[in-house]
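Worksheet for the structure shown next.
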């Protein structure tokens, strides 16, 4: 009964198999190999547009490098106050950008709204050179609270961003889960909706180490190779990352895995609600946020369940919120049993 | 009728006279001169304690260097959302610290409260190495809304800071105005109340270019000379800054000037309130924040009055707030006439 | 006939097998898993001392994070002018340290000498706060020109470093090759010789993605977890890196592979010298630097050989130098044939 | 007999007088005042071209901000190994640029040559993204050893820079001394010779605190206002800096002062050479570098003379070199007496 994190799951067998295949013989390093070039092209196919894609070591690197490319050191990045870049990356965005400011905003279920962003911009008016110019907007899809932005919502944010001269970044650590939920084309919720750059995550969804930065306008990626290299994020044996993405994107494996994780979360959420637990946010991806009735948490832990407490600024749950995450590897039996124990 | 900023005022004649006196002959550069050493000692006298003091070019430098000394690049600085370091320094604190995060909080009249700081710390719990460790607390005395922290209020914040392992910084761009209001010893609202480092401003209050960083525990200033130098904030002809502080601190000139500015603001505030203007914050220093009845602003401008609009996150005035600042050089006649014109 | 780089080689089968084994079941993320803890302890065994070890994504990250820990942003790092940190990391050391200066020195075969370091320190005397204080010394073992420091040479450099208050860093991207050559204990050429922190490389020598920073005095690693995380170098699924090191260190696999690469290079070097090629540096590890007689390079390329030109500051070869690298995967037949073609 | 530094001299009376005049009444802050605008235009007149000029607090700030504008964080700045930016600014260029590398080169009398720069570029070939791209060239006029680049020499360096895609920066802390020596128009040795940005120093030559960054192509200054502000280098009471430059440039005062300093240095140099001292570099500005015969230094110090030892990488004088600096305030009698004592 492991609901601690999708990072606790291993890698999908198909992805490991691809890794083994990629190991044969010598291949140019630093991404000069044929496999890497082929997989990079796959991203253009996936997004129905020529994109510039760069593989990096971690989701934090993807987010931080992407932001450093679209925000100057004296610029400001608007984001949610519960966003991963604000709460969980130990200042990597600030480090990589050379000191940009994250202006954190409120919003239900860790989602920003066009109205909220507009209001924030009014409260921090352009007063060069005293105020930092608002330069970027970052949203997380699916959000840190397991909610999903519809294409329309992204479009509205994209519109506000464009009007204010901001570039739009999407943290897609769980992009697969969002696409699986929306049943849309990846393009629909990215560049077609105004997203300039996407952190495309593979690690949480069945890879070992596989994160990518995708620029939808390759001109926006000028000098990015220098940024990645000096951040020590350019793998010498790149083929081992490319191989993961190769398998990940083949035969919709990424969506197959995400659909499974989402379905497990949905079942968990519904089962717990029925068992009298308070479910805090709509379960639209692979995460469930709950408060348990008295005694339930102790019972679950005694039964071997694993999960984490969840603390946020402006916590609505008074410290009682718990986060449950499902992954491609979550078993229906784990979910069934967790609900059963919760029900008592 | 100039109420645009205390930065618009010139320098006090005594300070200019000191500058002229300091010009005689040759003197060691970079602060090695006798005058600088003497003035540095004056700060220890002023604060009734051995302090380490460093002169710098701007208030932004004082704040940013001070913060960089007490917060690591991966640390977090709690501050008010309307604070100067958050709103007006174009990211200098982020730049100087190497990427620390400013966690901005709410609070009346740009003042933080011990309870507010405690709540913020709970919303951003210690989760090394994911969350940035809260490392410093910064308050502004007098605040950006012209309010003053009492010694008790500073002490309460100092207590919260110490308990949470935070160093306490005070932005004292208008420290003189606060001391003048409180009629206390400088020590009472600084180190005796838990302040670790103070940005001691002179420029806004009658100097030309004179800002200082004061560490109340000289051990906290280890390697600070390197920080100042590499920030290009070490004046070669330091004596010209030292001379200003020499005169500033002589015969309580700094307090004489601040008392005058405060008195002018008080008269202005009371006069405007009586004239039917909405005064937004308690006028405890040299700033007045008002909304004018319809037609009044136009009349004032036509009469040659100078002042700025004031925009803040969560603006209670719906964009109508105006900021009026008095200085050591404000004349009673300017205040009288401004009120007269406002009254109509 | 691939002598382009040890980064072009794949991973050793034992290491891939370990990766597969590590994939079973769920495991705590970010290095909280049992495997990671066990492998970390292996490093203490290997170095016969309690060490603090941190896994990262690239050799550039290992070097840059290590240096950022032992050198302040205003400090200076002495290194060789041909060192990887000076020539090949696109400023990662400067980025990670927050702006430290690399003072690059000359020396035969990319090796520094105690005398050379002493002379450099005299030419950059301590003049606080104007000059940057010399804070760290970095050497590469084996060097970028394929030479190896003896334990005595490291000790002499360690002595100079200690006397001048510098921490000593060793870039061990090819540490295995050096140990294989010297037939010494890893401790002999590291902490016993004055090394404070080692970048311990696995990738070039048979791993996929496996680099480590090893602090020989765990107290020196204070707050390093924050540095690694904010550099976005903390893997979420750490077990996949730990597994590689697990196999790498088992049964001396790392030395078995390095010995093979060294032997191949030795054979190549001797064969080419006998064939009338100019060999520039002693072949003490897995790299050979040669200038070919006229016509030879063209013949080799026509025969399918792969290798790179090598340019350095103060190039002794007038642009004719070529670098040949052997790896754990180099076959004797490749070496034999390369020499044969070179001989013509 | 003060030859310690031109920074030890006070300010010229005309400059102090201008300061006093500027003090009258209120004036917009942060450079919005009329005086500042007028003085900014004076720079365009001086350089016979529309320039963008920015006043800052120190020469270190001028250099570092200028370099940060023309070199990306991952770029490389070629400079002399004895240059002020390499030896004396405690890493400010690295800090302001966000981690650029200074590639230090040799050259007589602290001057670079076109040939030397070309050779250095060949030794650090373009290998993106591994090597940092060479982005800027910085020269000092007059040089740190008191030598002056002719217009032809600057032009040759400008040609090399342009051909290699480097921007050319000139550290003009002693620009006045160079112009006085060359008797040329300021334009001749700056933009007409390929200089893109100049640090124009006033402090060493009779001002109190007055340094400027001059971009000869205003388009190159895009976003520079943000850089200056976030570096905390934007003075609130800017008029006090502008006033200094106003007087400095009036009636050629800057050249009058520089000519005097140069003449004093020339007399000192010739007198000491005649007295048997070793003069190391051509005395082309206001600095003299000497080694004294045995016993002379002691005699001079006993007589009250003040000067500094001078240490450099590759010191030709074996530690015996001393630096003597003259200023606008040096008196002929000081020079006469110093020579007399030296002669014994």
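Note that the chains are named A, B, C and D in the order they appear, and that numbering of residues resets to 1 at the start of each chain.
Everything that follows uses one rule, which is that a residue touches a chain if its C-beta (ideal position, glycine included) is under 8 Å from a C-beta of that chain, and two chains touch if they have at least 3 such contacts.
Computed from a prediction, not measured in an experiment: that's the story for all the values here.
A count of C-beta contacts for the chain pairs B-D and C-D puts B-D on top. Comparing the CA-atom centres of all chains against that of chain B, the greatest distance is found for C.
With each centre defined as the average position of its C-alpha atoms, the distance from chain C to chain D rounds to 41 Å.
Measuring from the averaged C-alpha position of chain A to that of chain D gives a distance of 50 Å. Distance between chain centres (mean CA atoms), chain B to chain D: 34 Å.
Multi-chain contact residues of chain B, defined as those touching 2 or more other chains: 30, 73-74, 89-91, 94-95, 98-99, 129-130, 132, 226, 229-230, 234. Residue ranges of chain D in contact with chain A, taken from their complex: 30, 72-74, 98-99, 128-130, 132-133, 223, 225-230, 234. Per the touch definition, chain B reaches chain D in the complex via residues 2, 4-5, 7-11, 16, 19-20, 22-30, 56-61, 64, 89-92, 94-96, 203-204, 208-209, 226, 229-237, 240-241, 306, 329.
Every residue of chain A that touches chain B in the complex is listed here, in rising order: 73-75, 87-91, 94-95, 97-102, 104, 120, 122-125, 127, 129-132, 311-315.
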